[in-house]
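Given below, in the form of structure tokens, are the structures.
Here come two complexes built around chain A, the first alongside chain B, the second alongside chain C.
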Partner chain A sequence: MKQRRKERIDRGIKARSDDVFSLNSFREMLYVAVPPLAPVLILLILPLELSSYWQKVLISTCVFALLAMSWDFLVGVGMVSLGQALFFGVGAYIAGISNKILGLPIWIDIPIATILGGIVSALLLAPVLRLRGVYFSMVTLVLPLMLERIVEASGVFGGTEGISGITPFPNSFFESYLIVLVTLFALFAFRRLITTDYGLVLKAIKDNDRAVMSVGINIYWMKAQALFISGCVGAFCGAFITHVYGFVGMPSFALDYSILPLSSAVVGGMGTFAGSFLGAFILVPLSEALRGIGGLRIVLYSFFLVFFIVALPEGIFHYIQRKYQQFERWVEVDK
Partner chain B sequence: MLEISNLMVFYENALALNDFSMSLQAGGIIAVIGSNSAGKTTLMNTLSGLIIDTKIKEQRKGGERITVYGKIIFNGEDITDLYPSERVKMGMVLCRERHPIFPESDLMENLRIAGYLRKRSEIKEMIDYVFDLFPTLVRLKNRKAGFLSGGEQQMLTIGMALVVKPSLLLLDEPLLGLSPMMQTTLVDAIKKIREQTGLTIVITEQFARPILPMIDYGYIIENGMLTLDGTGLALMENPEVKGAYFGV
Partner chain C sequence: MTDQNNKTNLILRAQNLSKSFGGVKAVVSVSFDLHEGELVGVIGPNGSGKTTLVNLITGFLKPDRGKIEYKGQNITGWAPYRIARIGIARTFQMIRPFAELPSFKNLIIPLYSPRVKALSGGKYGDLDAVAKDYLEEVGFERESSVTYKPAGSLPHGYLKRLELAKCLALRADLIILDELFSGLSIAELASIVPIIEKLVSVGKTVIMIEHRLRELFRIADRVVVLNYGSVIADGIPPEVMERSEVRKAYLGSE
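Right after this comes the complex of A and B.
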């Protein structure tokens, strides 16, 4: 009888060389291709299969996934933000104003809101770039709440009534596919960006900012750029949702847009973007699914959160990734 | 090339550097020798401009008041108030003490981060030079920097400074925490850097024995004050230096 032994699949693939992968069979190709292809295929098929209610949930999930990834990106640079709502709200208001008041079409106001939102967010946080840790977090937490109160007290941009009657997207499939494609693009773009020299420098700022300074890089300029990138993503979400609901108002600065992305990234696993993405795709639909049970919803939801954080402190994605890499297969022993 | 005149640094009321002056010609190696809390790191941070950043940070959080007096002239230009990044662009690069590497990134990534502002061809050329200088690092290319030994991390730190292509290299306690054998390796490497690139080097160190023989000129500081200066050989022969640093 032939002798067999167990071998980890990735041992065969990461063949004896640091950067070169050798794929010897269809199965090995599948092993490498499934992780990046699975989310793409699932997300592209989902809008076709879901009811209109769950399509809205999918949109909301993608928006929170984007916010979670932008939060994860900032954390990677050493800036723990508690105020993604700032980016979201700024983008939402710019889109609302440019569409309703300035009369710009949807195809122009969303890109404008994205870029301008990124710039405004970076400018608002520029004075606190030198702050680190909890000090930076506190400022980011307070800014959206402050802007919300300014809108309320001064009555600008519709005050408590907000701005309604904003041009909607042509149809629900279009809006679903737009947000799905942007989410997938952001996921792969963020993952690519962080491995480039630019991304390495951003990561290094978190590791040892003085050492980065020592090699002549202006870390505050780099941090401002990171805020701009993260701000653009957040602002796009705000602008997009404004057109989905046809309304923008004070709720755009709600705490939900700060806390849920953070929870998604923590539950999913930080530092990979895929973790934040996965976290949002667990928490947001879960929250909707629990809607039917009434008052106990929040209790159960909190229970799930606590369970994931206690049982898998590294995050679900890191756990799945580890297990995936530990897949084994039987191989015949060479004699 | 570098002219420091009457440099004084206060941390609140404590005087870390007191009326320190020195000058340095291009292509030379000078050392500032002193025991702990002599003011060596303060001198390096002041030269590299990092103290300006610390000063602003402390000011913003209501911490220690840092005051700097005196003048630093580099290549004929007053750089006393310049930010660290601008000083690096002028060619002044600091290699800080205690191996400041990026532990989560691998060795090659560390070198790429250091050369971020340079052209790709320059980075490649300098990385090749670093591997030529420290052959030990070649086989560790893909290892996470946090897992390197102290000596390897120090080599990497110097390598990172070299990738920036400095004209003046500031080495803050490069021999700290290293075994005598590793100290010799590093001293040889520093000599080689000077011979091969003609780089001007300022070293601060508390281990005088391996450093003094290779320097052109040395300064001894204690409690922030310049107590003695002279050529490397003269300092080695000085009975006070022998007593304080060689234990003779």
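Right after this comes the complex of A and C.
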């Protein structure tokens, strides 16, 4: 019986640029250079072209892209977080407090919030590092919600009112380019980090943690480091947004900051960081563009989400990558 | 044999080790000594507590009672990574390599260990090159495709050798092999046995948990027999099997 099967063959240029790296035409150089350069150029040009409303959308897109990448990183180490809002909220509050109450200038409190936020996040989750799978996820889901209620009940840091009157950025140009540059830096840094020996060990913990332990590596210490790295990225986002709005309050721990990064990474494709990045740049602007529709916005948005996940379960980025690197054709095979 | 002059160099001493899971007594008051450069087989019927014993020594399980000394140091209850750092390596019965990584990249993980870093003067060098050297040592042909293939696609014999290479890469002094021979063909065995013999000849101490007795007896200096969690015999290989309690454990009744 004849059957049809899809055959996939690497493009010659892909093999050449992977292994021997002998590029012999302008076209081949473009093939290699376009994928990394395209997001850089687009992101650097966008702030100049967009209206002030869409600039705000760009900012929140970048923030969600960062959160999605930090989520993707944790998943790569075997920790499925349902609480990027924890990192975000901790960073937001540290920035708010150090700016408004301690009176630190903006260019000091953001770095402090980033580093300290990473440390606090790692410490908060340190007691549950031994938990795996869904048990770890549950704790990450609950922690930000718990902190939110603590702020509400105890009235610390402004309670339900939050802290307002936080120093804004000097101008919107500075604001946009800061987040764009950080997002691009994080994208390439994460992609680089995961291919180093250090990144390899982190990924191995997800594959087989007992095997990693049995060669003398303290996996809990490694996981804490991963939480710190991911926490720093999340805390930066929080600190940044605090200064954009000039306000920090309970919404910083909102579920949005946990769920949207996760869906961005899943829609875009996990494990590559480029996927999470791409996912955020599809989902966040999509949600804004649908605003004109009115009541059915969320319905339509959810429909798109389901459509992406059903049609491209591997993720948009993996799909594009495959098309870019391989020929596909139908061949007849004997069964 | 070499046994005699090494008697003084005690490397591992287990005293009255016990471990139970709920009501099941997996290991009951096991004691044995291990000398440097020895190749000791641990055998016994299924469920006799062999793997539990390995887990106790390597820290994956904490003993309920008893004491483990390694090179004169009490290591009872230490975490697995600390025990690995002082030079005890192990393989697992269920081999799960880092499947997506190329074979040689699998060795980056042991090479990244703080133990290796300390032994090589406090810095990590070009680990890829070192990894390929170790693979060659266990019989991966240098610069052949097996070195670069994802470990998940390796044949069984290569996987076992990859496990051995991990122990080598850790530069362990005591190597515990949990059913390394299981599922190997005669040809694969023939290629793996010389590697183990070489380990012993350079002074490593080896514990082998085995079901393939014939192959084990050819290389083991000594055999410890477990049944229902207790040591029922400890002696020179072929002779041990003649003892009545061992025959009974293996064959049921007389």
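Definition applied: the second predicted complex is superposed on the first by the 306 of 335 C-alpha atoms of A that agree within 3 Å, B and C clash if a C-alpha of one lies under 4 Å from a C-alpha of the other, contacts with A are read in each partner's own complex, and residues count from 1 in each chain.
Everything that follows uses one rule, which is that a residue touches a chain if its C-beta (ideal position, glycine included) is under 8 Å from a C-beta of that chain, and two chains touch if they have at least 3 such contacts.
The shown structure was predicted, so the numbers you read here are calculated from the model rather than taken from an experiment.
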Mind checking the superposed model to see whether chain B and chain C fit together on chain A or clash? clash
Check whether A:305 is in contact with chain B, with chain C, with both or with neither, and answer first, second, both or neither. neither
Quick one: is A:217 in contact with chain B, with chain C, with both, or with neither? Answer first, second, both or neither. both
Please indicate which partner A:207 is in contact with in the superposed arrangement: first for chain B, second for chain C, both, or neither. both
Which holds for A:46: it touches chain B only (first), chain C only (second), both, or neither? neither
Using the touch definition from the top, say if A:131 reaches chain B (first), chain C (second), both or neither. first
Common ground on chain A, meaning residues reached by chain C in one complex and by chain B in the other: 197-198, 200-201, 203-204, 207-208, 210-218
Touching chain C in the complex, chain A uses residues 197-198, 200-201, 203-204, 207-208, 210-219
Please give the residue numbers of chain A that touch chain B in the complex, ascending. 18, 130-131, 135, 197-198, 200-201, 203-204, 207-208, 210-218
Note which residues of chain C are touching chain A in the complex, please. 58, 60, 79-82, 84-85, 89-90, 92, 96-101, 105, 108-115, 124, 127, 166, 169-170
If we count contacts the way the header does, which residues on chain B are in touch with chain A in the complex? 48, 50, 53, 56-57, 60-61, 83-85, 87-89, 93-96, 100-105, 109, 112-117, 141-142, 160-161, 163-164
